[in-house]
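This report concerns only the one structure given below.
Note that the chains are named A, B and C in the order they appear, and that numbering of residues resets to 1 at the start of each chain.
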Amino acid sequence: MAFAKVETRDGIATVVLSRGKVNALNGIVIDELRACFSALEADPDTKAIVFTGSGKFFSFGFDIPEFRSFAKDDFRDYLINFTDFYTYLFLFPKPVVAALNGHTIAGGCMLALACDYRVMAANKGKISLNEIAFGSSIFAGSTEMLRFLVGSANAAKVLYSGAMYSAEEALGLGLVQEATSDTHLMDKAKAIAADLASKHAPAFAGIKALLRKPVADGWTQREKASISDFLEIWYAEPTWTNLRNIKIY
Amino acid sequence: MAFAKVETRDGIATVVLSRGKVNALNGIVIDELRACFSALEADPDTKAIVFTGSGKFFSFGFDIPEFRSFAKDDFRDYLINFTDFYTYLFLFPKPVVAALNGHTIAGGCMLALACDYRVMAANKGKISLNEIAFGSSIFAGSTEMLRFLVGSANAAKVLYSGAMYSAEEALGLGLVQEATSDTHLMDKAKAIAADLASKHAPAFAGIKALLRKPVADGWTQREKASISDFLEIWYAEPTWTNLRNIKIY
Amino acid sequence: MAFAKVETRDGIATVVLSRGKVNALNGIVIDELRACFSALEADPDTKAIVFTGSGKFFSFGFDIPEFRSFAKDDFRDYLINFTDFYTYLFLFPKPVVAALNGHTIAGGCMLALACDYRVMAANKGKISLNEIAFGSSIFAGSTEMLRFLVGSANAAKVLYSGAMYSAEEALGLGLVQEATSDTHLMDKAKAIAADLASKHAPAFAGIKALLRKPVADGWTQREKASISDFLEIWYAEPTWTNLRNIKIY
C-alpha cells in the first residue's frame, strides 16, 4: 500500500494515512483504506484500530486539484465509493479510534466522524466541515454521522458556519471526545483502543450495530440522491470558481 | 397585507407579524404569512429573512376567542393549514432568523421553532409551549421540531411542564440560540441573517434540506392523525372550560 | 402479588419491586409487574405511579442463576416478554416516576429508562448498563430508550464502557433527572408524580405518545432480531463462563 500504512502491536493496528503534505483523498487512497480496513476486519489478531495521519494533517479532504479534471460521472463514481467507505467504517465491527494529529477538514472530517472515538491533538490543527465556505453542500451520510455525534442543533451550527474549530472548541461541541497534547496523542489513542479491545468482541460488535445500524439504514437509501444534489452545486458557478482557486499542495 | 408587513434592505427581508396587542394567529394571518414567505422565496433579491412581531409579543399563539366559535371541521381545516405552514417554514430554502421581541407562546412558539435561528430579547417576555397548562395536546410536527432543537429529554421537560421560560432559561435548554437586550435585538438578528445570506445560496439550501427533510418526512405522515387526537381533547371537558376562560385581548 | 406491592394514596400509586436481596427479575416478576401496571392503567383513581424497589437495590437485573438453567427457547420467551413489558411501560399513558433507591443495573436500568422521570438516591447505589462488562450485548429497545434520554454520543459512552455511575455522574449524563438524599427520595418522587398527575390526563397522554410512540415504533420491528443476536452471544463462550461466575444472592 502506498498511502495507508499499517503497523500492528499487541492486537492494536495503527493505520496511518500518508499522501503528500495534506493527506488529500482520492480514489486510490479510498481503495487502499478500504482494502486495509477489510483485511483488519478479517484478521482475528486485530482487536482494535487507531486511525491517524502523517505530518501536520489528519486529512485536508478531497484532492480538489485532481478532481477538477474529472468528468461529472467519474466524480460521481468516486463519491459513491467514498460514501460507501465511510458507511463501512461507521459500521466497522471492531473499535476504531481516530487520533487526529492535525487539520481534519471536510472529507477528512467525515472519515473521523465515522470512528468510535476521536482524540485530537490540541494546538496542532483545526477540525471543520467547511464545505459551505467554498459554496459546496455535503452528503446524507456525513450529515447523519454529525447529527449522531453532536445532535441536530450543533450539527446546524457546524454546517451553516463552516467554522474551523480548535480541539477545545470541538470538545465543547461534541465533535471530538478528548483533546490532548500532541506528544501524548498516540499513547492516549492506543490506550482507548486497548480498553475497547479488552471487551468481548461479539458484545462490542452487537452493541455498536444496535447503536449505528438503524442510523446508517436511514441514510443509505438517501445517499445517492444527495450525491446528485451535491454534484449540481459542485459543477455550477460560483462554486466551481472557488474550487479553481483552491490549492492544496 | 394587513397582518404581515415586509420590508427589505440589502437583501434581508424583515417580516413583522402585527395583529392586535398579542399577534394572535388565525386563518387569515397564516394565509398572509404563507403568501409573504412564498413571495420572498421566489424573489431573487431576498437572501435571508428576519421574522419578528410588533409590540410586546412575538405571538401569543392561536386566537382562542375566535376559534371557540368554530365547528370542529373548520378548526381542523385551520390546523391542517397551520401545520402545513410551519412545515413549509421548517423547510424554507433561505435562512430565516426569528427575532423574538416578546412573549412567544404555544402556536407562536411553534413558528419560532421552525426558523433556523432564534434570538430572544432578554427580560421582554417568556417562551413556552404551554398547551398542557390549559389541558391541550400538541401536534406531531411541533413535537419533532422541538426534539430537533433540544433533544428528546429536554423536549419532555418543556412539554410536560408547560413552563414559561425566560430568554436565559431558554438559552440553557437550547430553545433559543441567543439572548440579547431588546435594543440590540433587530441589529443582532439582521447580522446573523446577513452572515447566513453571505453563503452560497444553493449550498445553504442543500445542507438545510439534508438536516431537515428527513425529520419533516418523519412527521408529515403522522400530522393528520395528531390533529385528530388534538381535536378530541380540545373539544372535550375540562379543556373546553379552560379555553372558555382564556381572554387574549 | 408476591413481588410487586402496590399502595395508593391521593391518586399516586407506589409500586415496590420486592424479591430477595437484589430484586432480581424473572418471568414471574415481569408478569406481576405487567398485571400490576395494567390494573393501574385501568383504574380511574390512579393518576400517576412511583416505581421503586425494596432494600438496597432498585434491581440488580435478570436473575442470572435462574436463567442459567433455561433452554435457549425458554430464555427467548422470557426476553420477548421482558422487552414487551418495557415497551409497554415506555408508552404507559399515565406518568411514571422511578425512585431509584439503590443499585439500578442492567435489566433493572432498562425498566428505569422506560419511566418518565428518574430520581436517584445519592450515595446509595450505582446505575449501569453493564452488559458489556460480562460479555453480553443488549436489545434494540433498551438502546433506543437510552438514546432517547441521553443522545447517541452519551449512549455509546455508557454502553461501550459498561461503567457503574453514581447518582451525580448519572445526572451529568442525563441518565437520571434528579439526585437527592435517600431520606427525601420518596417524598421527592411523589411530589414529581403529583405535579404530573395534576395535568389534564388526556393531554399528558397525548403529548407522551407524540414524544414516544415514533421512537417505540422504530424499535419494535427490530426487537426480535436483536433478541436472537443477544442469545447467540449469551450462550457462547466466554460470556457463558462469565455468567456461570455471577452470584447474586
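Note that in this section contacts are C-beta pairs under 8 Å (C-beta built on N, C-alpha and C of every residue); 3 or more make two chains touch, one makes a residue touch a chain.
Given the structure is predicted, the values throughout are model-derived calculations rather than measurements.
If touching chains are joined by edges, the resulting network of the protein chains shown connects every chain directly with every other. For the touching copies chain A and chain C, the fraction of interface residue numbers used by both falls below half; the interface is of the different-residue type.
Chain A and chain C have CA centres that are 36 Å apart. Listed for chain C are residues 151, each touching two or more other chains. Residue ranges on chain C touching chain A, taken from their complex, read 131-132, 135-140, 143, 147, 151-153, 155-156, 159-160, 162, 218, 222, 226, 229-230, 232-233, 236, 238-239.
Residues of chain C that touch chain B in their complex: 95, 116, 148-151, 174, 177, 196, 199-200, 202-204, 206-211, 214-215.
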